[in-house]
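Each in C-alpha cells, the structures are laid out below.
Shared between the two complexes below is chain A, which has chain B as its partner in the first and chain C in the second.
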Partner chain A sequence: MTGRPVGPVTSPGTRADAGDWGTDEISVLYQGRLALDKITLRAVAGQLTAVVGGDGAGKTTLLRCLAGVLAPGSGHVRRPSARQIGYLSAGSGTYPDLTVQENLDFRASAYGLSSAQAREQSGDLLGRAGLDAARDRLAGQLSGGMRQKLGVIAAMLTSPRLLVLDEPTTGVDPVSRSGLWWLIARAAADGCAVVLATTYLDEAERAAAVLALDDGRELAAGTPDQIIAAVPGTLRSVAGRPPGSDEQRAWRRGGRWRVWDPPQSASGAGQPIQPDLQDAVTVAALARELRLAGSLR
Partner chain B sequence: MWAMILKEFRQLRRDRRTLAMMILMPVLLLVVLGYAASFDVSSIAVAASGPQASTVAGALPRPFHVVAAENTQGRGWAQDQLRDGNAVVAVVTGGARPVVLIDGTQLFAARAALTALAGQAAKSGQAAQAGQVAESGQVAQSGQAAQAGQAAQSGQAAQSGHAAQSGHAAESGQAAQSEPGTSQVALQTTTPQVHVLYNPKLATSDIMIPGLAGVVLVFIGTIITSLGVVRERQSGTLEQLAVMPLRPRDVFLGKITPYFAVAAADLAIVLVVGVAIFGVPFRGSLLVFGLGALLFLFVTLGIGVLISSVSQNQGQAIQLAVMTLLPQVLLSGLIFPLSSIVAGVRWIAYLLPLTYFNEISRGVMLRAEPIGALWQPFLYLTLLGAVIVTLASLRFRRYLAPARSRRAA
Partner chain C sequence: MTAAPPVTPAAAAAGPLALCDGVSRQFGEFTAVSEVSLAVRAGEIVGLLGANGAGKTTLIRMLLGLLPASAGKVLLFGAPPSRGTRRRIGYLPQGLGLYDDLTPEQNMEFSAAVFGTKRAELPASLRPYAGTPVGSLPLGLQRRVAFAQALSHRPDLLILDEPTSGVDPLGRARLWDTIAGAAAAGAGVLVTTHYMEEAWECTRLVIMADGRVVAQGTAPEIVGTAQVTVVATPAWADAFRALEEARMPVALAGRALRVPGAEPAEVQRVLTAAGGAAGQQARVSAAPATLEERFFQLAQPGSETEATG
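For the complex of A and B:
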C-alpha cells in the first residue's frame, strides 16, 4: 500500500537538485499569526543543520514544512520523495502499544523495505542505539531517552536522504543525549542531509550550519563561527547584576553576568570575553528586541 | 475547595463541546423521546386481495388504511405484500370467510391490528360468534378491545400463524373454514381467520435480536474506530503517517480493515447466539444478510473515522460517538415503530444507517425477504455510505496529504 511520488518534490514548482534540500523564503500564517516569515534553510547532504530558538520561535513549523506535514502559504520547499525522508516529530512518534521491533517492522513495511533489508537495518540500528535488549519491550514502557532513541532510529531505518528531527534530545538525560548525537552524526557521515531542531545551543555548536529563529523570523544563519563572528559590539563578563541602562543588555550565565555593549557605545566595567554560539544567539535576540522597543537603531 | 471549583469551571468553559453536550443533550433527549417514544400505532397499512378486495378496502375503519387492493390477486400476492414490508395487514377475500394475515415482525402494529380487529368484533355485536370466541377463552368478555387483542395475540392466533407459515392453511384453502384452535375475530359482518406470520408468538426477542446485531456493529464501528484514529493524533503518530509514502486511502483502509474484521466476527457471534439461545429464526439468504451487514459496517466505520477526524482527543471522540449512537438506538425503529414517531422527528430516522440495517436484518432473518424487495434500504445505505466515507476520506486527507489540501496562508 504505497503510492507517494517517487521523485523529488518541490512546493511549488522548483526543481530540487539531489542532496540540496531546504526552504526558500517560506511563510506560514497560523491562527492569524505569522508563524514563519520568509525563512530560508539549506540542508546539504552529509551535513548537519541545526535550527535553534526558544519556545514558539517557529522551529517545529519550519521542520513540519520541510518534512511535508504542513504546506507553507508562500515560498518553496525542496525535499526528496516521501520514501527518502526520515522524520521524527515532536515526541518520539512511535506507537507505545507496539514493541520496539514491531515499531521498526511497521516503518520498514510502510516504506516498502524487504524483510531481509528490514531485519538487517533494524538489527544494525538497534545495536548502535543500545536497544538490542529492549527489542521485545513495548515502546510505552521504555524510558524517555530510550523512546527518543527508538524514534530516531525509526526515522533513520530507511536510510533517508533527508533526516528531519524535531528536538530529538529534549528531556533526555546527558548520557542518552550523547548516544543520540552519535547516532545522528553517523547518519550525516553516511551522506544524509540532517536537519534538527534543538533548544540546546551547546548541541547546535556541533552542527555545520545553524539557523536561529525568534518569533518566526530569522535571527542569525551560517556556520557557528560565522554567527559568532557576526556579533556586533563587545561582550563583557561582570560578577553581579549591572546597574542602570546596562541591565537591559545583560543576562545571567553560570555564576556571572554577561553584558553586551552595542557598537559605538561606551563599554563599562568588567572583563571582555569572546562570545560563543549561545552568546551570539542571545545578542542577536537582544538586539532585535531593543530595536523593536526603539532603544537601538 | 473554592480553587478546585473555579478550576473546574474554567476547564469546562473551555471544553465547549462537553458543555454543549451537557446542556443540549437533556433538551435533545427530552424532545426526541417525547416525540419518538411512542408505541401507539395510529395507522396500519393494509393490502387487500381477492374478488371483494375493493369492497373490503372501502369498508375498513381506522386505524387501517389500504395501500393496495388487487381484485385479481390471491393469497400469494397478499403474503408478498407483508414479506416485502409494503403492508402490515393483508386481507384475502374470495373464500367463505376472509383471511387476515398480519406481519408479526411489526410487533406494535401487529398488536394494534389484533386489538382493532377484536374491537371490531365487539362492536359488530355478533353474539353467537362473539360467544364462540369468548367460550374458547381467547377474547375477553364485555368488549374490552385491548384485552381481547392481547388474548388473541398470545393465544391461538400464534398457532394459526404458525400454520400459515408452514404453508398448511395457505395451500389447502382451509383458511376459509373454521378450524379448531384458530383465532376468530370479526371483520365487518363476516368472521375472518387471522394468521400472524413471521413472528407468530409476537416474541420481542425475535424482533430485537436482528436489530441488536446492528447496535453491536454501530458500537464497534463508531466508538472503537473513532478512538483508534484519534489515538494516532494524540500520540503524534498521525504526523508520522503524513510523511510516510502511504496514500490517504491506504491509511484509511488499513486503519478500518481490522475493525471491520472484528466487527464481522462480532456480528457472526451475535447471530449464532441469537439463533441458538433465543431461537430467533433465520429464514432468508445469508448472502443477502451478509451483503447488507458489510455495507452497514462500512458506513459505521466511516462515521467512526469522520468523528475521529473532527475530534482533538479520545474524550471528544467518545462524546460525539455517543451522540450518534443514541439517536440510532432511539429513532431507527429498533425500539419504537417508525410509524409512531411524529413526522417532525421521523426524518432523522431516514438519515440513520441503523434504520436501513434494521429493515434488512429483520426482512431477511424473519420474513426471508429477497434482495429485490430490499432495494430501498440497500440503496439508501449505499448513498449514506458514499456520503459518509467521502467526507471521512476528505477529512482524513487533510491530515495525510497536506501539500495538496492543507496549505497554510
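For the complex of A and C:
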C-alpha cells in the first residue's frame, strides 16, 4: 500500500514532529480477537483524514487510541498533549442534563478556559451552526443533528491541534450534516489536524486522505485518487444481476450492477467504467472476502 | 436471494398499495404534516427524504395506523389502516425492533406468531447465529436479522426507516439487493434514508420539508439543471475564510470548495475583494449540483414548492 508515513516515532506529548500526528502499526487485542491489526494512520495539520468502514471495522478503537483514551497493545501513537486534543466519542459526548451553554462552559472550565473566553470562542460557531437560539435548551432535548453539532463545537472550543471525531454524521440528516461539515472544514482551515470516522464514502471523498478498515485490517489507504488508481483489474456496469461466476464479483449500485474483473481475467459484457472511491472500497472488501473464501488468489 | 418473478401488469394496475391524499397532522398548534399526497405502487421503491423534523416519522406512523390523520385520507390496500392492513406491512424501524434477549430464531418465531403466519426460515448466511441472543451479535448482523424478520411474512408493502445506517458499502449493496428483490417480486417499498447515494436506488423520490412535500420525481428530475459554484485553489483555507466571512454556504470537497446558491461572479467578487492568496490563484466555475446539494436548497425554509411529477 502506498502512502505509509516514515518518520520519527515520538511518545505522546512530545512536539518533535508538531502538526504531524498519527499511529504507527498499532495493534489492539480485544476479547481474544485482533480489533486492530498493525494500523498506520497519518493526521496532518490543516488537513482532513477520513477513517471509513462499517460497524465493527475498528474505527472507534483506532480513534480511541489516537485520542489517548485507549493504549494499543503494540505500535506507537504520535499525538499532542491531552489539552491539545479535541475528541468527540461516538454518540455525541455531550451531557444530556446540561444546557447547550452549560455543556460549553463545563468543557471550557475543565480545560482552564474562563467562561468569557469560551463564550467568545463558541459564539460565532453556535450562530453559524444554527444553535444560537438553543443555548438554553437541554442537550438531551436537541435533535440528533443539533446534538452532534454541539459535540463538535465543544471539541473545537479549546482550539485543539488534533481534532478526533467519531462518526459525527451517522444518522444525521443532510441539512445538519452540511452544518457539521462547515464546522469540520473551519477547524482544518484554522490549521487543525482533523481525523473523522464515517460510514459514508461520499464524505470520505472530500477528505485529503482516507483509511478504509474492515475487521480491524487496513483495506485501502492514501488520497482518494491514489485509492481509486490502486483498484486492481477492471470494472464494468451491467443492467441486471450478472449470470454465472460473475455474480460473486458483482454488487448492486444506483439501480444497476457493477462487476469487478480481477487482473488477467476475461472481462464479460457490459459498459467499462471508471471506479470512484465507493467502488474502490467495495472492490477491496470483495477481494478480501473472496480471498478468505479461497476463491481468489 | 432467490430470483423473483417480475411484477405482473395486473398487480401494478390494481391501484396504489399506500395512498396519502391531502394528509395533515396537527399536534396542538403545531402542524407536523401538512397536505401531503403520495402513492406507493406494487414494484416501486419510493424514497422519502427530509431533514429531521420534516414530518417523515409522523407520516410513517399514520401509514402504519399508529396515529390518525387530522385531515385528509390515508388508504392502505384501498382501505383505512387497521389490524388487517398491518398484517400486510413489513416494517423495519430505525431501532430494528428486535428483542435483544431472544435469538434470531426466537425473534422470527415471535414475529410469525404475532402475524399468525408459518415461521419463515432464516437466510443461510444467518443460520450460524440462529442460537445466539440478538443483543450479543454485531450491529451488522442484527440489521440483517431485522430485515429477514420484516420480510418473513411476505408483506405486500415494506416500510423501512433508515435501513442501512452504519453499514459498509458492500453490506449496503447487499441490503439494497434484498430491497430490490422484494420490489421485483411485487412488493411496494417506502424507504427513508439520509444518504443521498442511496436515493439513486429508488424508483422515485418524495422530498419533505417543514411537513410539506417540496419535490417529487426521479433523482435526475429533482436535481434538474441546478448548479453550484466550484472554487479550485491551492490556498483553499484562505478562500474558505473569505467566503465564510461573506456568509456564503461554503463546503470543502477535497481541496476544492463548493458554494451552493451563489453565482460564480458573486463568489469571484468576494475572493478578489479578499485579496491575498484567496483572490489570486482561485479558479471559479459552475458545476452541476449533486442531489445532496439540491436537497439542501429544497430543505431551506421558504423553499418554493415544485412538485415535478
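Basically, the second predicted complex is superposed on the first by the 281 of 297 C-alpha atoms of A that agree within 3 Å, B and C clash if a C-alpha of one lies under 4 Å from a C-alpha of the other, contacts with A are read in each partner's own complex, and residues count from 1 in each chain.
The working rule: a residue touches a chain if its C-beta (ideal position, glycine included) is under 8 Å from a C-beta of that chain, and two chains touch if they have at least 3 such contacts.
On a predicted model such as this, the values are computed, not experimentally measured, just so you know.
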item	value
Which superposed partner A:Ala110 touches (first chain B, second chain C, both, neither)	first
Touching partner for A:Val175 - first (chain B), second (chain C), both, neither	second
First, second, both or neither for A:Ala82, with chain B first and chain C second	first
Contacts of A:Leu201 with chain B and chain C, given as first, second, both or neither	second
Chain A residues touched - chain C or chain B, whichever exceeds	C
Partner chain in contact with A:Val28 - chain B first, chain C second, else both or neither	first
Touching partner for A:Ala67 - first (chain B), second (chain C), both, neither	first
Complex interface listing, chain C residues touching chain A	49-54, 94, 138-140, 162, 165-171, 173-174, 176-177, 180, 194-197, 200-201, 236-237, 240-241, 244, 249-255, 292, 295-296, 299
Residues of chain A defined as touching chain C within the complex	46, 48, 53-57, 128, 143-145, 170-178, 181-182, 184-186, 188-191, 199-202, 205-208, 214, 224, 251-255, 278, 281-282, 285-286, 289
Residues of chain B defined as touching chain A within the complex	235-237, 239-240, 242-247, 250, 253-254, 402-404, 406-409
Residues of chain A that touch chain B when the two form their complex	1-4, 9, 11, 28-30, 35, 64, 67-73, 81-83, 85, 87, 89-96, 107, 110-112
